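Two complexes follow with chain A in common, the first pairing it with chain B and the second with chain C.
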Partner chain A sequence: MFFVLLPILLLYFTFLVLPIGAGFVMSFFDYNPLRTNNDFVGLANFARLTNDPVFFKALRNTLYFVFATVPLNIIITLIIAQLISSLDWSKLRASFRVLFFMPCIAPLVASSMVWKQLYNVRYGIINSMLEGLFNIQPINWLGTQSLVIPSVILFTLWADMGYNVIIFSAGMDGIPSDFYEAANIDGAGPISRFFNITLPLLGRTFSFVIAMTFISHFQMFAQFQVLATKGGPNNAGTVLTYLIYKTAFQNKNMGYASAIAITLFLLIMIFTIVQQRVNRVDWGY
Partner chain B sequence: MAVDTRHKRHSIGQYISLAILSLVALFIIAPYIWMLMSSFKSTQEIVQNPGVILPINWTLAGYRNVLTNSPFFRWFLNSAIVATSITVLVVFTSTLAGFVFAKFEFKGKEALFWLILATMMVPYQITMIPIFLIVGELNLYDTLWALILPGAVSAFGFYLCRQFCEEIPDSLSEAALIDGAGPMRVYWSIIMPLLKPCIAALAIFTFLEAWNEYLKPLIMLSQVDRMTLPLSLVFFGNAHIHDIGSVMSAASLIMIPAVIVLLIFQKQFIKGISITGTK
Partner chain C sequence: MSLRKFLKTLMLTMVVICALVLVAGCTSAAEDDGTDATTVTDDQTVLTFWVHIDNLWNAEQDKIIAEFEAENPDIVIKKEAFPWDDFEAKIQTSLATKEGGADIYLLWGGWAGDYADTGVFSPVPADFMAEVKEDSYEPVLGSFEYDGNYYGVPLEFNNEYGGMLVNTPKFEELELDYPATWDEMIDIARDVTVPKGNTFEFRGFDFPGEDSLTYVWTSMILSSGGQYMDGDEFTFATPIGIETMQTLVDYIKVDGLTDLDGITNAEEQEPYQKFFLGESMMVPRGPWVVPEGEEEYGLTYGVDFEFVSMPFYGADKKFAAETGWGLAVNAATQNPDAAWKFVEFWSQKDRLLEYNIATATIPPYKSLAHDPRFVEAVPYMAPIIDILDGGQFIGHFNTSTLKEEVANMFVDIIDNGTSVEDAVKALDDIMNNQ
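After this line comes the complex of A and B, so read on.
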């Protein structure tokens, strides 16, 4: 039995544990895979971060993207899940769930390429609709500094709502109906029922979804590479993941890229710890 | 909250909910419709009549271009090989490791468990550079192994399977062991069948993730005939940057089969996702 486990543990070690250690170690080196000598530079990579304007821009863009998209995603998916769960028609409930999940099964990079066409200045359907309906002049969505991230946010909301809709509605279906019946007798309206029963009773699911959504959004990459071509105008669409990719695999500066990756990790870790504290759930029903 | 409503009239609130959901549904479907319709148009038509959804002159030129001027079937096969291998391997490694960690005692188990679990917290951006170098050391660049081997283990799968194994009563596996069944036999004929819902969920997640993965192929593969679908679509898009019709045909060829699979297996999909969320 344990002989079978051995190769599995070897895989875990080689591709999960070892790379983490190596990632941290590399951040202390000036590592370029094309060179034979790679010097230990101590904290120099991290010192370099502190006066790298592109890094700070990427950091700001990442926080902007994550802290705008995730709350919007959670609010919208909660509302949708609640609307679906309260529908009387069970066939429609099932169909809506599948429908909202559709974008999740497509490769993110493929849907990004479709959306890139929708956002096009000249022939994009978004501009031609705005022009037709409100007579708005064509907008360069992906080529304007202040609009790149909002455009990516809208796309990401479209692409990533499905999981949360399904998980939230499963959680809502699991809430015993006695609670709602009792609330009905007390004369609670739908909004009060949502805030006083559904939301608190979702407890664990709610906390899980928030954590997973934040962690996954910090790591999103494909839509930034496709929609914000080459980091967007004046790096307005550069996020940490894209900067790490570019630094490591295009500029071959893997030590410095590791240092940026570690700041991304610290960001996720700090955030997860804070979130777990805030959303602590120590009761059930 | 499903109430028997056959004898009840639907309230106005029901119809308002339905209207809101239908609007959101339209927003979700619209890009798919645009993609599919554009795939039957010439690029000229897409650019000149941006407001017209239905093709004026239906054409299959885009599809013909994709299927004859690119190794599309090779790409499809690569994706299928990678995603299937990773799914089978992850299910095997996760259930086995989960079983051993849930039902057996050995030295260093707790430490090992937390070590593997901790790796879930670490973003791929940290490990991708060392994994890239390790794959290079193993001489696997530009082979499908560069994706399959690092993808064969999953910390999430391990955790999920261990949780499910813990819920299986010890008496079941112990009774079999006393009856003289070896641990592998217990794993195969007692644990595996009981893990079915967990395996289904894990398999769906793993397959989807592997099938849609873009960043890993991007750093590991550069030869055209080794690419998987998401990477190849970007490659094709860059090579035919002025031929939007063809690019939308390629995108449709990738996205529409997935939609059909989703529609066929919708119950399994929904159930699998719900399981992971409530665990």
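After this line comes the complex of A and C, so read on.
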């Protein structure tokens, strides 16, 4: 049995465990891959983090993005999944699921490029509509400090809803129909059935969705790279993943970039552990 | 089962998309010159040469390669051109692996500083370098130098200050002469600027660009008798540094000559590109944008626009310039002699002059810049040539970082109301802690 698992374990070790270990070691060096000798600097890279205003700005932006996007994503996808599940015709249900999943198939970079055009100040369709319908002057969506993260959030909601719609749909399909039949007999309406049956019985699905959505949103990069060009105005669109990229590949300071990456890793790990404990489900149906 | 149907539909969609991507997307990362298709004999040395894709430049490079190969039949140059966005990453990755990559690189001077202390490039042979140094302007060598050695040979003087694009039809319509002094320039800008809601119908003086903001500011400091560095330390927070930054801030906040679009990247258009669309009166930029205006925007030089001298802010005609494009040889090349032979061939004065004329770049050598053939062939370079002696090497640091931090500081002052003094001090701190 062990030999059957060996290939995937090797793959996992080579492409996941090894890079994480290498990054951890690198964070203790003043590391530049072009140099033959790289000095050991101990905890200096981590000490520098505490005195780096751009790191704190990136941390704040990351938390803002994650804690605004994930709850919105879950609420919206839950509503959509419920609406789709309530449709009687199965072909229509499948069609809607495909429709909502389509943005997930498109590469994030490509769809970000399209949205960048939508957000264009002078020629973008969003400003044209606002001006045409409500006579609102053009808004610099991606070039205004207070608007760049909300603009990325809006795009991310559109691009990333599909997965959770599918997972919630699968969860809803798995709830035994007996509960709903009993509720119907008791005279429960659709809203009452949703809050008293669907929502509580989606506990396991919820736990999974929340964990995976938080983890993936902490790690999001492509849309920030495309939409918040160069970290946005005055770093207003800089998140930790972008800061890692910029520090490692533009400033060629891989030691410091590794220290930021380890911090992000710890942040995600702590958050996931807490979230798993809070949302622990120890029952079944 | 609806979920199963969904998965089936999804799989089908993905298969179709994958097939389309396979058919349409299998393009090579680099465009090579087809040397592989030609026969390379055993006694020939093959050198790889990496450049970025630029139709104008690539055509001239091909000409030089053909001339070199005709004169040196024992050497074959295999040129590979990469998309601009990937070019630096390709160079970096190839050098980091210590194998593969190219024998010769077309290298941006601003990147050279990052590689200088790593030993990845071969030092320029002393005799050749002595000739290059004798005739070169100071900024063209700056980043290529490290610890007394030089790791690149310049192909151009990269200039982003001293000239500006002017909207010829608008000047004619208003019967205005091109400004001769800084004050005249600002007065004209004030008169012609037309705001439109949150943006502009027409911008008078559109200086906040990715490069231009930093170059305008550093020149204002230098021409006023100040400095922005003391040895390796950044010292923008001097009275002159603060006063000149306040002046630039006032052009936005008080005079409203333009806005921050050029540095917030929201429209993916630099100020000079907006200029070519007829949206501004004056834009500071290097002369290399002139061919773009003609070729990409279909404008006629002398009719639709001109490139003229930009007045200096202070009494001294001084400005900062970074090291531009040059040639560097991989320290790991198996054929260093052949590689340097090619670089020396390219650097021969007449050949380089021809290259500079064809690519609209300023020659790195004083003798070539003042060669009458140059200004005769590229007349719009005339205002720049006269001020090149006032160019000062910008400094040994990552220039992209400085430009980015200056832009961030400018946004912070304008949008967040941070005082100029605090913002400039913070800039010094950030740059000195890099």
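Keep in mind that, in the parts below, the second predicted complex is superposed on the first by the 272 of 285 C-alpha atoms of A that agree within 3 Å, B and C clash if a C-alpha of one lies under 4 Å from a C-alpha of the other, contacts with A are read in each partner's own complex, and residues count from 1 in each chain.
The working rule: a contact is a pair of C-beta atoms (placed from the backbone, for glycine too) under 8 Å apart; a residue touches a chain by one contact, two chains touch by 3 or more.
Treat the numbers as computed from the prediction; the structure is a model and nothing was measured.
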Looking at the overlay, does A:T36 come into contact with chain B only (first), chain C only (second), both, or neither?
second
Is A:T272 contacted by the first partner chain B, the second partner chain C, both or neither?
first
Using the touch definition from the top, say if A:S207 reaches chain B (first), chain C (second), both or neither.
neither
Once the structures are superposed on A, label A:I166 by its partner contacts, choosing first (chain B), second (chain C), both or neither.
both
In the overlay, work out which of chain B or chain C sits against more residues of chain A.
B
Could you look at A:S90 and tell me whether it touches chain B, chain C, both or neither (first, second, both, neither)?
both
Give one of first, second, both or neither to describe whether A:V226 is in contact with chain B, with chain C, with both, or with none.
first
Where does A:W141 make contact in the superposed view: on chain B (first), on chain C (second), on both, or on neither?
second
Counting only touches as set out at the top, which of chain B and chain C does A:N251 meet: first, second, both, neither?
second
Is A:V121 in contact with chain B, with chain C, with both, or with neither (first, second, both, neither)?
second
Residues on chain A lying within both footprints (that of chain B and that of chain C)
33, 90, 94, 97-98, 101-102, 105, 122-123, 166, 170, 173, 249
What residues of chain B sit close enough to touch chain A in their complex?
1-3, 5, 8, 10, 13-14, 17-18, 20-21, 24-25, 27-29, 31-32, 34-35, 38, 46-48, 50-51, 93, 96-97, 100, 104, 106, 112, 115-116, 119, 121-134, 136, 149-150, 152-153, 155, 158, 182-184, 187, 208, 211-215, 218-219, 229-231, 233-234, 237, 244, 247-248, 251, 254-255, 258-259, 261-263, 266, 269-270, 273-274, 276-278
Within the complex, chain C is touched by chain A residues 32-36, 51-54, 90-91, 93-95, 97-98, 101-102, 105, 116, 119-123, 137-145, 166, 169-170, 173, 229-235, 249-252
Given the complex with chain B, which residues does chain A contribute to the contact?
1-2, 4-5, 8-9, 11-12, 14-20, 22-24, 26, 33, 80, 83-88, 90, 92, 94, 96-111, 113-115, 117-118, 122-125, 127-129, 132, 158, 161, 163, 166-167, 170-175, 177, 180, 190, 204-205, 208-209, 215, 218-219, 221-222, 226, 240-241, 244-245, 248-249, 254, 257-258, 260-262, 264-265, 268-269, 272
What residues of chain C sit close enough to touch chain A in their complex?
1-3, 5-6, 9-10, 13-14, 17, 89, 92, 95-96, 114-115, 117-120, 197-199, 260-261, 263-268, 398, 400-401, 404, 408-409, 411-412, 415-416, 430, 433-434
